[in-house]
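Once you scroll down, you'll see the structures, which are given as structure tokens.
There are two complexes below, and they share chain A, which is joined by chain B in the first and by chain C in the second.
Here is the complex of A and B:
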């Protein structure tokens, strides 16, 4: 196979991987953009998605699991926001950070207790096994499905945020919470919904990643680092920023594996360092008054 | 700048400059790291017990890619303590388990176990990088270190230490165990390598490459992957294009599980032979019956006719207590702890120098088909090895392997199989 074809196949592979990164990161980005909470527990919501799917699959099948597991994760997220996070708003932001960090450790331990330390097998649904090949482009059916689902979800979220009154409230609330609540908006309820949405997206990513990656309690750690890197590169709170940077990280990792595999672990951090040096706010991070 | 006067405006998204937040984050991280290194609630003896327990440190992962092996190893050690009735020399045995998470952190915890907890010996170590990092501490503090699970050759080779013993197999031996079966005795010699980019993985690659090249084989490609890689799709894309006979991995733990799942995803399972210098049953349990594949060298397997009554007894006890059969790491830590406790009982001492002298001379009978022993001049456990193949159809939740060969074969002595003095290049220092 020619050098160019090889390159092309790695770029496509990287883009597919990138969409998975975007899906993990986008919930984190939304939660930060709106609530200003750096959600260290995002990884465990991702893991919960996979574990709920694992337990529900025998009863409701792969399609049912894809809907039900993320919804359950979203509900857990809403409960966490309403009971644990809400009392901390307006206090030192460090507290929210500590709380979610502690929560991450706690939930990981809970998963270990409930489901065991040993990983669980999780095969992709039968109709989605196998792969497609067009010339140099090689992609498995399952990854293609993940890509389609991610694109649909991201479009839906974008439409929701940009085109609906609810989206307007969320965007207004993220820019100026004080003013928004003065206009008679019940912000606490909006925050609960936003946290639920963000964690639900983590749950979707967890369900989709389960057939690809190990379903083990430590899967949360494996997800949270790339998610933070993607969000930082894209610009904290920026939705399109997360998409561009997620795809960029995916391609960068793939190409590094092609040419210099030993550096594959470092490349996304290097990318982040370079972006932060040139654009400290991240690629599409805007100057938001409340974060300055 | 304005961070402080903005805090506490009474609403979420409370403004804070990113730089300030990151600085705070660093402080929190530092404090948490420090907390981990602090002594666990004062000296262990001040507990109102009349008996002073004999403490043994355990250094095994509680998190990260080898967390499962850490837990199973700890379970194995607990069974060994139980075999002794929880006591040795009339004193209760206390195990203190510290996390093995990175070479630097493991060094801190090793010091903590020795200085704060006053353990008489430490056992464990799965990652060779961590083991190589803590070996000098054991030697400096003159405390026995029983390395139960690392495989880098140099641990009982050029980096060997008088205070360190190793139960697990060096890569030098694992590759020699599995090579004849993998190459189908010289017929399949176009290989691709993917190895974790740290001591063990790189050593595994070097050792196997040497055998392959000496046999006239071809290295189609050799890639390094960072420890903890979740997605191997780009590696698999690369190796797929070279159409290899064998893919030899230097991967373990969740890395191996991830690789097997993604290898299955692209439909290569069963079409290309997979191997690795060592395999944990739990890595395959996590991959599941469909994705599990490969031919591996194995130190021990819970099923198969090769097991001794003593090992069978261990399997029974473990199964009853933990609800699943022991994987190889559990056996290793069971044996490691048994060796330490036997040494304490037989020498009636907890002095590391005396324990070491005992271990250098003792032969342990009944644990494997042949008596096993720590070789006096490199401290490697000399023992028979197995070649195990994943069953063509896995039907049991735990029983994945058929033992297809026992090594050494063809009249090679156990001692020669593990390498001669000249090949190993280990010089042990003096005691005390």
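Here is the complex of A and C:
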């Protein structure tokens, strides 16, 4: 393959990776914005999505797990919020952070206990295996499917946030929770639902990523760190920011993997450090007191 | 015997004892000496990390960067440069110090979450470098073959580590008690206040960051020689959490907390790992349990068991008052000459379209007590913020003792002799009362940056602190935590802190706000006492006291000075009365005519009975009783700070009353949450409107919409301008447009009672008319309780009126009757 073709193919791979990052980051960002919680456990919800899919696939098939696994993850998320996070609202934000950190450690070890430490391969659904070629660009069918699905999902999320009543509540509640409650909206219930939504998105990303990354306990870290980077570069609380930075990071990482593999892991942190130092609130971040 | 007990309770004694016993105790339970050494090393790691977390309040996610860098540097030094252990350890520590300096310089200007995320980025960056730069770091396999020729036996090495770490801990204990260390805690509790005392907080934070990295590096270097190798693993993000976990488990607000955390963590993981490889389940669960049940960790549990639930970051006792004559003499003398000590010329400031200062001139003469008064929103606090430098002025001059201080930073202005107290009490909550004042006095000492001296041995500083405590009358409370003081006592503390900076000019921002009568008297007496020896500029709303205390008064209204002079002269000037009572010369004298048919015996809709409420330690509402009947418009009037907004918030459920009852349609409301109150039919249009800036006008309205409420076209009929603004984002709206939106929004849900909090504030006269007319049209649709400062207009609209004074209802009666009685109005509401 020529250099140019290789480059282009990697860019496409980078976009796929990028959209996955965006999916994970959006869930994290919604949770930040609404609950004010830095969800260190977001990565393990991602992993749970993949593991639930792994276990349920023999029963319900690939289409079934795509719906069922994220729902289960969302339910787990809601249970966690209602029991563990709710007592901490109004207290030092450091406590919420520590709790999700502890949760991340616990759940990752739980995964190891229940499913073992060895990685499990996860084949893409039969109709989606194999390559496609568009001109000089090679891409796997599955990756293309992931691209399409994540774009659709992100559009759906955007529509949800911008056009539906519930999305309205989330956007308003992120800016002024007290005023929102004075308009008759039961905030604790909204918080639980939002946490469920955010973790559900992580779960979806986990199911989608399972064939790409193979199902390993350490996939939790492979998700949480890029999520932090993407959210920070894009700007805390900004949906378009998350998309731009997610795609940017995805492409950057993919290209680095191809041309300078040793630095692939480091490049996103370099990007993050540089962006934050130059634009302290990220590319499109807004000035919210809760973050400063 | 007690002296021996106290000596043994000293942290260093505990450390020494623990370190000495560990290598014998552990093998007895099946562990090794090396594990004991690991505990020693991680104890240092945690204590050094806690210098940032517990002391300075900086949440770093990246301690492992310095731990790891030092480990590699020490290992590399031993393998290639020195064979000996000692210089290698020094090399590692130095590497960590330099790394800390570099990163600190880069990231310390960011705050809060952004700072924390940056620390994470750097840690991960270092991990990746360590993992992949195989030539230097050995990559995945790490560096192996590091030897420690001087210490062949584990026991020997243990005692070496114990000695080094004990020494390091002793240094850190000393640093914690130094002037520098004390300031760190002040920064943690209230960085802005520390800056306003004259401390350059960035330098303190940087030094803390470097010190912390250095000692964490020392720990990392020692670890290299313990395991005789270096691995990238320690830099991974999960291990970055090790010192955090140990610190939290052990207790982040206790000096030795990390030691207990390290012991718990390492011992437990060692013991558990022989039973199961899934011991992280235990630790994850343990961390969660601690966060929920005992955030202060093991030390917190221990302290609570002993009945003394206080932090123990520094020694608990307060130094005694030194004997000798009072040190009032080092106060600065009043400047000679009769030029103004502070002169403001043509000060301008606007926030967007809101003008808060419009060519303000003010002269402050030496030794006078000058008051700055004016209706709400006049720009007084912003004026103070500009004087001290917290907010930059757009243009104009501020001449302090003849020099223009506009280009000076906050701490430089403080150094020059300008000090202010804050409207919202701004003390250091977790420090003792004594320490609050002492650290303020210390800002003027030439030893204020020393990381080595004992801060409490600075006799001058300690003596002056006691003198100030005596001046404000807080001596008996000196050893208590500032957070436990009553609101009035915190005010006194606030003033003591302000006095500590030896100001020539004292800016006091509403020192009486939120206080009961007795406390007001106490503080007024203090201000009177201070007046002779300092020049004071005072913002207050308690007009009676202002009149009796002040030499001269300046009246500010909508950013402009409208009167200045002796109290008696100013008070009688017509434009002042007008400004306070809200009468505009150009306003429409005929406001919306009251549809006279207010049913006299209508059923009560809302009833407050004997409500007492406040925030924190302060009591704002005293036995407030009022009533709104079906179909009425009721006005709630009063000067600033009397509790009008507090009353509305209490009705709305945003504030829980301490006693009393609220009934709506007969049903009790006292414990309802705001959303429930709204669903019962009470809507609020709050102070500042609080529309959602990130939502469009349409979304703002739809958010509140519920079946039974107004329809969109009804709201648009009331406020036609909203139609063309439907797609505009809230943040682009003008004040008047926001007000209309806020009222419209409140109507979208079924509303029987609408609470309006100063709906006319900050609006141009034409807009005022528009809004008033809309409110008048709401009659019949909903009952209304309206809080306002524009007395005349409001009384034309309302059926009945209440007037509050100092948190109590002082008048209740017919609105028109009050409107006709100008004398009564002036007594209740005016100057």
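In this section, the second predicted complex is superposed on the first by the 279 of 292 C-alpha atoms of A that agree within 3 Å, B and C clash if a C-alpha of one lies under 4 Å from a C-alpha of the other, contacts with A are read in each partner's own complex, and residues count from 1 in each chain.
In this text, contacts are C-beta pairs under 8 Å (C-beta built on N, C-alpha and C of every residue); 3 or more make two chains touch, one makes a residue touch a chain.
A quick note: this is a predicted structure, and the numbers were derived from the prediction, not measured.
Novice: Identify the partner contact of A:150: answer first if only chain B is touched, second if only chain C is, both if each is, neither if none is.
Specialist: It touches nothing on chain B or chain C.
Novice: Based on the superposed arrangement, let me know which partner A:228 touches: chain B (first), chain C (second), both, or neither?
Specialist: Once the two structures are laid over each other on A, A:228 reaches chain C alone.
Novice: After lining up the shared chain so the two structures overlap, which partner does A:238 touch, if you call chain B first and chain C second: first, second, both or neither?
Specialist: The answer is neither, since A:238 touches no partner chain.
Novice: Touch test for A:277: chain B only (first), chain C only (second), both, or neither?
Specialist: Touch partner of A:277: chain C, not chain B.
Novice: Looking at the overlay, what does A:124 touch: chain B (first), chain C (second), both, or neither?
Specialist: first
Novice: Looking at A:38, would you say it contacts chain B, chain C, both, or neither? Reply first, second, both or neither.
Specialist: both
Novice: Taking the superposition on A as described, I'd like to know which of chain B and chain C A:192 touches: first, second, both or neither.
Specialist: Neither partner.
Novice: Just chain B (first), just chain C (second), both, or neither: which does A:178 touch?
Specialist: A:178 sits against chain B and chain C alike.
Novice: Applying the document's definition of touch, where does A:214 land relative to chain B and chain C: first, second, both, or neither?
Specialist: So A:214 only meets chain B here.
Novice: By the touch definition above, which chain A residues appear in both interfaces, chain B in one complex and chain C in the other?
Specialist: In the superposed arrangement, which is not itself an observed complex, chain A uses residues 38, 91-92, 94, 97-98, 101, 174, 178, 181, 187, 221, 236, 262, 265-266, 291-292 for both chain B and chain C.
Novice: For chain B, which residues are in contact with chain A within the complex?
Specialist: Residue positions touching the partner: 2, 6-18, 21, 24-25, 28, 32, 63-65, 67-68, 71, 197, 223-226, 228-231, 233-235, 237-238, 240-241, 254, 257-258, 261-262, 264-267, 282-283, 285-291, 324.
Novice: For the complex, give me every residue of chain A touching chain B.
Specialist: It comes out as residues 1, 6, 9-10, 13-14, 16-17, 34-38, 89-94, 97-98, 101, 117-124, 129-131, 138, 140, 142-143, 173-174, 177-178, 181, 187, 191, 211-218, 221-222, 236, 253-254, 257-258, 261-262, 264-266, 289-292.
Novice: Can you list the chain A residues touching chain C in their complex?
Specialist: 38, 84, 87-88, 91-92, 94-95, 97-99, 101-110, 112-113, 165, 168-169, 171-172, 174-176, 178-187, 221, 225, 228-229, 232, 236, 262-263, 265-266, 269-270, 272-273, 276-277, 280-281, 286, 291-292
Novice: Considering only the defined contacts, which chain C positions touch chain A in the complex?
Specialist: 59, 106-107, 109-114, 117-118, 120-122, 124-125, 127-129, 131-133, 237-238, 241, 244-245, 248, 278, 280-281, 283-288, 291-292, 295, 652, 654, 673-675, 677-679, 683-684, 686, 690, 692-695, 699-700, 702-704, 706, 745, 749
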